[in-house]
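After this come two complexes, each holding subunit A, first together with subunit B and then together with subunit C.
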Partner chain A sequence: MEKYLYIALFAPIVGSLIAALFAQSPKNLFTGIFTSALIFVSFISSMILLNYVDMDKIVHVEMMDWISAGNLSVPFGFVVDQVSVIMMVTVTLVSTIVHIYSIGYMEHDESFNRFFSYLSAFVFSMMILVMSDNFIGLFIGWEGVGLCSWLLIGFWYKKHSASWAANEAFIMNRIGDLGMLMGIFLIYWNIGSFQYDVVFANIVNLDPSEVTWIGIFLFIGAMGKSAQFPLHTWLADAMEGPTPVSALIHAATMVTAGVYLIVRAGEIYILIPEVGMFIASLGAFVAVFAASMALVNKDLKRIIAYSTLSQLGYMFVAAGLGAYWIALFHLMTHAFFKSLLFLGAGNVMHAMDGNLDIKRMGGLYKAMRPTAILMSIASVALAGIYPLAGFFSKDKILEVAFNNGSYLLWGALFVGAGLTAFYSFRLVMLVFFGEKIYEKDGIHPHEAHPFVIYALTPLALLAIVAGFFEHSFHEFTTQLLSDYEFTLDHSVGAMLIFATSAMALSGIAYAVYKYKRGGFSENIENWGVYKLLSNQYYIPKLYEVAIMKPFTALSRFAWLNIDNKIVDASVDLIAKTIYGGGEKARKMQSGNLSSMLRWMVVGIVVLLALAIFYRPTV
Partner chain B sequence: MDHILSLIIFFPLVAGIFGFLVNKDSIRVYGITVAALEFFLTLALWVSFDGNIAGFQFVEHVTVISHFGMSYHLGVDGISLFLVILSTFMTMVALIGLSIKKDAKNLIISVLYLEMTMVGVFLSLDVILFYLFWEFSLVPMLYIIGAWGSDKRIYAAIKFFLYTFAGSVLMLVGILYMGYLYHATTGVWSFSIPDWQLLVLPFNTQLWLFGAFFLAFAIKVPMFPFHTWLPYAHGQAPTIGSVILAAVLLKMGTYGMVRFLLPLFPDATIYFLMPIAIVAIIMVIYAAMVAYAQEDMKQVIAYSSISHMGIIILGTFAINAEGITGSIFLMISHGIVSGGLFMLVGCIYDRRHTKNMSEFGGLAISMPTFATIYGIMLMASVGLPLTIGFVGEFLSLIGFYKVSWIMTLIAGTGIILGAIYMLTLYKRSFFGEITNEKNRGLKDLNGRELVALVPLVALVVILGIYPKPILTPIDASVKKMIVLMEKKAVTQKAKDFIIKVNTIKGGE
Partner chain C sequence: MITLTHYLVLSAILFSIGLVGVMKRKNLLMLFFSTEILLNAVNIGFAAVSHYYNDLSGQMFAFFIIAVAASEIAVGLGLLVLWYKKTGSVDLDSLQTMKG
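What follows is the complex of A and B.
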């Protein structure tokens, strides 16, 4: 079985490196097909491993020592267990589809080969992240996906906004990474190992305050990667990247790494329910906060990005409250329908010649029926309507919140469910139905290549049926993860399901009703609330004014005033004083006999004074 | 193999002297050949070096002035071995990348002479000999900056020389006093480092001697606020000067700290630990901010060097095997990465005769290979895992975490600030459309530049993935040194501290 582990892990990097050889040559279809094929191979291997792990077996390999110094020793070790194999399958499945989709999406791009090289490198990093058997290996993948995300967001590097967004994403992530490193350091000095099994076996012996700190630090890392408030601004800006990248990295896989970390370190978080409660509360806040921004945004991709943010909030609620398998389940179903939604949006974007303003679309259903159907499926799944995947996973999270007695959280998520349904269908209605506004811009939409549509069907299928795997998923993952006990009455549970479904349905119904009748009047754009939401609560502005500008000013001050005018000037002052003193003293050596004699007298007086008054004590 | 160390030290000198006889047109080939031979000599040294022995190997000892215990005493251990290899490797790479035609003969001979002094510093076990090489190293650098530099080269060269020289003079006083103390305690004269390491000094004496040595090293590193000579020196020096300065000369300072301060004055080290760590943190953050404010690409890298040296000092003063081993590894990796970055700046300077970032933009379009190599070096500089930059930074920080978690957190902001200034630099220079017509149609890297840069890139990746061959010998020597420090310490506080920072869990 180790063979399959290596194939699953290394096939993507082989593809990436080979595609990189063609990075500077013109488009070569080979790179696209070759990398896609290798990712598919990786997917097949992951499926084989899934089947193997299902028989209660775990594959664990240690390749070689990486770093060792002092008492510290980190190997390159990989483990395929119930959690990592779920991630592997999800990641490789979505990646395969995104790769195939990109062959069509990027067909006219001059840097076609480079794109596939980056994309496969991302998959490799993500595989390291989920397969590592220790925290440092996880950190390698963690930073690796950050690098690939930087490369891919800024893929169209000629665009100022793209490279800006790429840098923002990298730097925001680094803030989280520092937190995570601190957590890792704390683990090391308390336990002396980074291996998951050793750490989890010994974590109970630690002082509770130490465990709390570990939990907090690791979560800061998760906040950066999963774009939780207040490190969330990069995710919406990351939509500057090509759409397949948004689908793969900024919806299905990388941004869920934070959730994966919490799930993986569940044995730590189970000991510190206060931190878990904080995570859940922040998650619930983000779920509503992000959904509210999605309500008014006009940018097709940004709406979906906010939706991703909001759904990550849901996952964190589950993870924070100790329902790890549910968090993982929502992570998986979300990966399917959200990447489908994004890839559909990519088709729309191409049809609209790159225009993203949903107010300039409308009535696209006629021109691109398959995409419309696929995106509608994804939206229904996202809204959480029975029997699609989102229903099962999202409802479970609400149940967990209620079961936990956190009615406030439940209330937030409940409202969030309504908002989700509304903005999803606002998008669908504005894009696919109603008046064809795009005709005014002289755009002639066209559907994507058939093979692109076919590539999306597996995702659509999964978005529909994945929910029915709930029981087997539960059984499978709880072999490793601690189970979550529901104490709710069945009737209460049924009531909750009914209420949430009603909420979602009414959200959809309201959106359909409203936008059938031409939507809201333009007046609301002048409302304070609308402005607040469309400006993202002025948070990006705040960051610019309160952090970036002062930082730049302070840096310039440090350079021009402190470094040049104080530190360096005092060095030069010393030099000038010595030099100036020498210049003045030089006049003594004038060669004039009478002045020389005068100096001699001074010297004799000094020597005499010394001889009389100075008595060394020897 | 008996006299391999002498051979390594004096081969560049002898070859340099013969260099005067070589024809002007073939001097480049000659210089590269000599540097390559020298590099292979150090590789041979590594091959025959026994990584399991923590003490000095290949020791040569010839008494010179027996009356005062001064001798010709050489030796190598895990701490110095890789700095020696780094010196010869970077000299070779820098010579391959050399593009200066004017008076190339004098320049190359100066570089060979400089190589001798660098290797000499790392291999000397006699303190007087160490001091000789330490001071000699200033002369060729003074000449390189002063003769081949930019407009303000004389000012920069003299500032570099006088500033570092002033620091060293105090060290000479310290050396003489230490020699005197050794004589007073044991009755014999000795200037040998292994002898000195066994000498137990009273606490107050340690404080004074520590101060005298520390100042010399602090200026060399350079630590805040003694750093202002460095931006001038880098700003004016030709590429080859900057490469060697950043890659090797700065490391003499941190090497001195590891070799002298820690084992000779353990109590004083612990006593001064916090103030030094605070200064190191200031270096990390302040230099990163100043780097961010720069307009000149080379100055960004110059200030980033100061920032990284701060992390090295933190690792050294963690006083545990993780931290010190990490800081020595970081010396190596920073040498390779900053040397590479300075060479890259040199490549673009040769084409555009400016280093100002506002003149660039869109370079990734006209020079894709250059942009790729720059990108890799940049990622190593910000410490991305699986590049060489991560290992040392990670170990240094994890080491210092045991001393103080809050200070590590503050110093750790360096990894964020590092990303800020480096990515901003990259965006301004390489991304965007070509706005300046002069950047259109620039030639990508040529063969000579690639030969110089590709080995650096290869090392960045290989040692990032497999740093073990370097870490193991360093670690063995460092562990030995820590045991020695603990044994030697005269105050209980220092003993407890050393044990505490080397234990996992407990000892709070």
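What follows is the complex of A and C.
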């Protein structure tokens, strides 16, 4: 089985490196097909491992020693257990589809080969992240996906907004990563090991306050990567990247790494329920907060990005309340329908010549029937309607919140479910139905290549049926993760399901009803609430005024006064002195033997004087 | 009675004369003379000190210096003759080709 582990891990990087050889050359279809094939190989290996992993059959290898200094020993170790194998299958499946999709999506891009190289490198980093058996390996993968995210958001680096967004994402993540590093250091400080098994076996013996700090710091890392409030602004701006990137990195895989971290470190968080409660509360807040921003946004991709943010909030609620398998389950189902939604949005964006304003679309159903159907499936799944995948996972999260007695969280998530249904169908209605506004802009939409549509069907299929695997998923993952005890009465559970479904259905119904009749009037745009929401609660503005501006001023001050006047000046002074001295001493070199001899005599005299008068104290 | 001091004073005087010659003379031939004086001033010093300590290595050094000086002069004079044939002058100031 080790063989399959290595294949699953290293196939993507082989593809990436080979594609990188062609990075500078013009488009070569080979790179796209080759990398896709290798990711598919990785997927097959992951499936074999999924089939193999069982109660006491876990693949754990130590490839080689990596760092050993003094007492510190960090091996390159990988583990395939119930949690990582689920992540591996999800990641490689979505990656395979995104790779194939990108062959169609990027076909006219001059940096076609470079794109595939980055994309496969991302998959490799993600595999390191989920497969590592220690926190250092996790951190390396964590940084690797951050780097690939930066490369891919800024893929069209000539566009200023793209490189700005890439930097924003990278810098925001640095804040989170600092927290994460502190958490990892604290773990090492107290336990003396980075290995998961050692850490989790000994964490119980630690002082509770230490565990609390570890939990808090690790969660700060998760907040950065999963774009939780207040580090959330980068995710919406990250939509500057190519759409397949948004689907793979900023919806299905990388942003869920934070949830994976919490699930993986569940044995730590189970000891500190108060931190867990904080995580859950923040998650519930983000779930509603992000959903509310999605209500009014006009940018197709940003709406989906806010939706991702909101769904990440749901996952954190489950993870924070100790229902790790449910968080992981929602992570998986969300990966399927959200990447499908994004990839569909990519088709729409292409059809609209790169225009993303949903108010300028409408009536695209005629022109792009398959995409419309796929996106509708994804939206229904996202809204959580029986029997699609979102229903099972999201409902479970609401049930957990209710079961825990946190009715406030439940209420927030309940409202969030309604908002989700509404904005999903607002998007579908505005894009695919109603008046054909795009005709005014002289755009002739066209459907994507058939192979692109075929590539998306597995995702659609999974978005429909993934929910039915709930029981086997539960059984499988709780072999490793601690189970969540439901104490709710059966009838109460049924009531909750009914209420949530009713909420989601009414959200959909309201959106369909409202936008069938032309939508809202224009003057709601003047409402204070609308402005607040469409400006993202003025948080980007606040960051700009409160952080960026003072920081820029400080940097300018440091540049003009400290760097130019002190550092540079002193360095320049040294150079100028030596240069000036040389200019003067140059005259010594007259070429006249006689004067040279005189200088030599001067030298001798000086040396003699030194020899006589200088007595170093012994 | 002639003591070590006398020899060393003689050596110092000769050395100074040589040094002044090296610094002042513009004729290449005179420059060679001056260097000879310098070297032989040192030779006197070596021989005297060697005798004083009853140690022959000083005198051996003096012989070395004589040998080195002889070969130096042989090469130097050869070059000087060539230079004279080429330029018709042995003046030091005419020997400037490199200037900083």
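Convention: the second predicted complex is superposed on the first by the 556 of 618 C-alpha atoms of A that agree within 3 Å, B and C clash if a C-alpha of one lies under 4 Å from a C-alpha of the other, contacts with A are read in each partner's own complex, and residues count from 1 in each chain.
Just so it is clear, a contact is a pair of C-beta atoms (placed from the backbone, for glycine too) under 8 Å apart; a residue touches a chain by one contact, two chains touch by 3 or more.
Keep in mind the model is a prediction, meaning the values are calculated, not measured.
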{"item": "First, second, both or neither for A:T457, with subunit B first and subunit C second", "value": "neither"}
{"item": "Contacts of A:V601 with subunit B and subunit C, given as first, second, both or neither", "value": "second"}
{"item": "Which superposed partner A:R174 touches (first subunit B, second subunit C, both, neither)", "value": "first"}
{"item": "First (subunit B), second (subunit C), both or neither touched by A:N535", "value": "neither"}
{"item": "Contacts of A:S590 with subunit B and subunit C, given as first, second, both or neither", "value": "second"}
{"item": "First (subunit B), second (subunit C), both or neither touched by A:T577", "value": "neither"}
{"item": "Partner touching more residues of subunit A, whether subunit B or subunit C", "value": "B"}
{"item": "Subunit B contact footprint on subunit A (complex, rising order)", "value": "23-24, 64-72, 136, 139-140, 143-144, 147, 150, 154, 157-160, 163-164, 167, 170-171, 174-175, 177-178, 181-182, 184-186, 188-192, 551-552, 554-556, 558-560, 562-563, 567-568, 571, 575"}
{"item": "Complex contacts: residues of subunit C adjacent to subunit A", "value": "19, 22-23, 25-26, 31, 92-93, 95-100"}
{"item": "Subunit C-facing residues of subunit A, complex", "value": "586-594, 597-598, 601"}
{"item": "In the complex with subunit A, residue positions of subunit B that touch it", "value": "159, 162-163, 224-225, 227-229, 286, 289-290, 292-294, 320-322, 325-326, 329, 362, 364-365, 368-369, 372, 379, 384-386, 391, 394-395, 397-399, 401-402, 405, 408-409, 412-413, 415-416, 419-420, 423-424, 427, 430-433, 465-468, 471-472, 474-475, 478-479, 502, 504-505"}
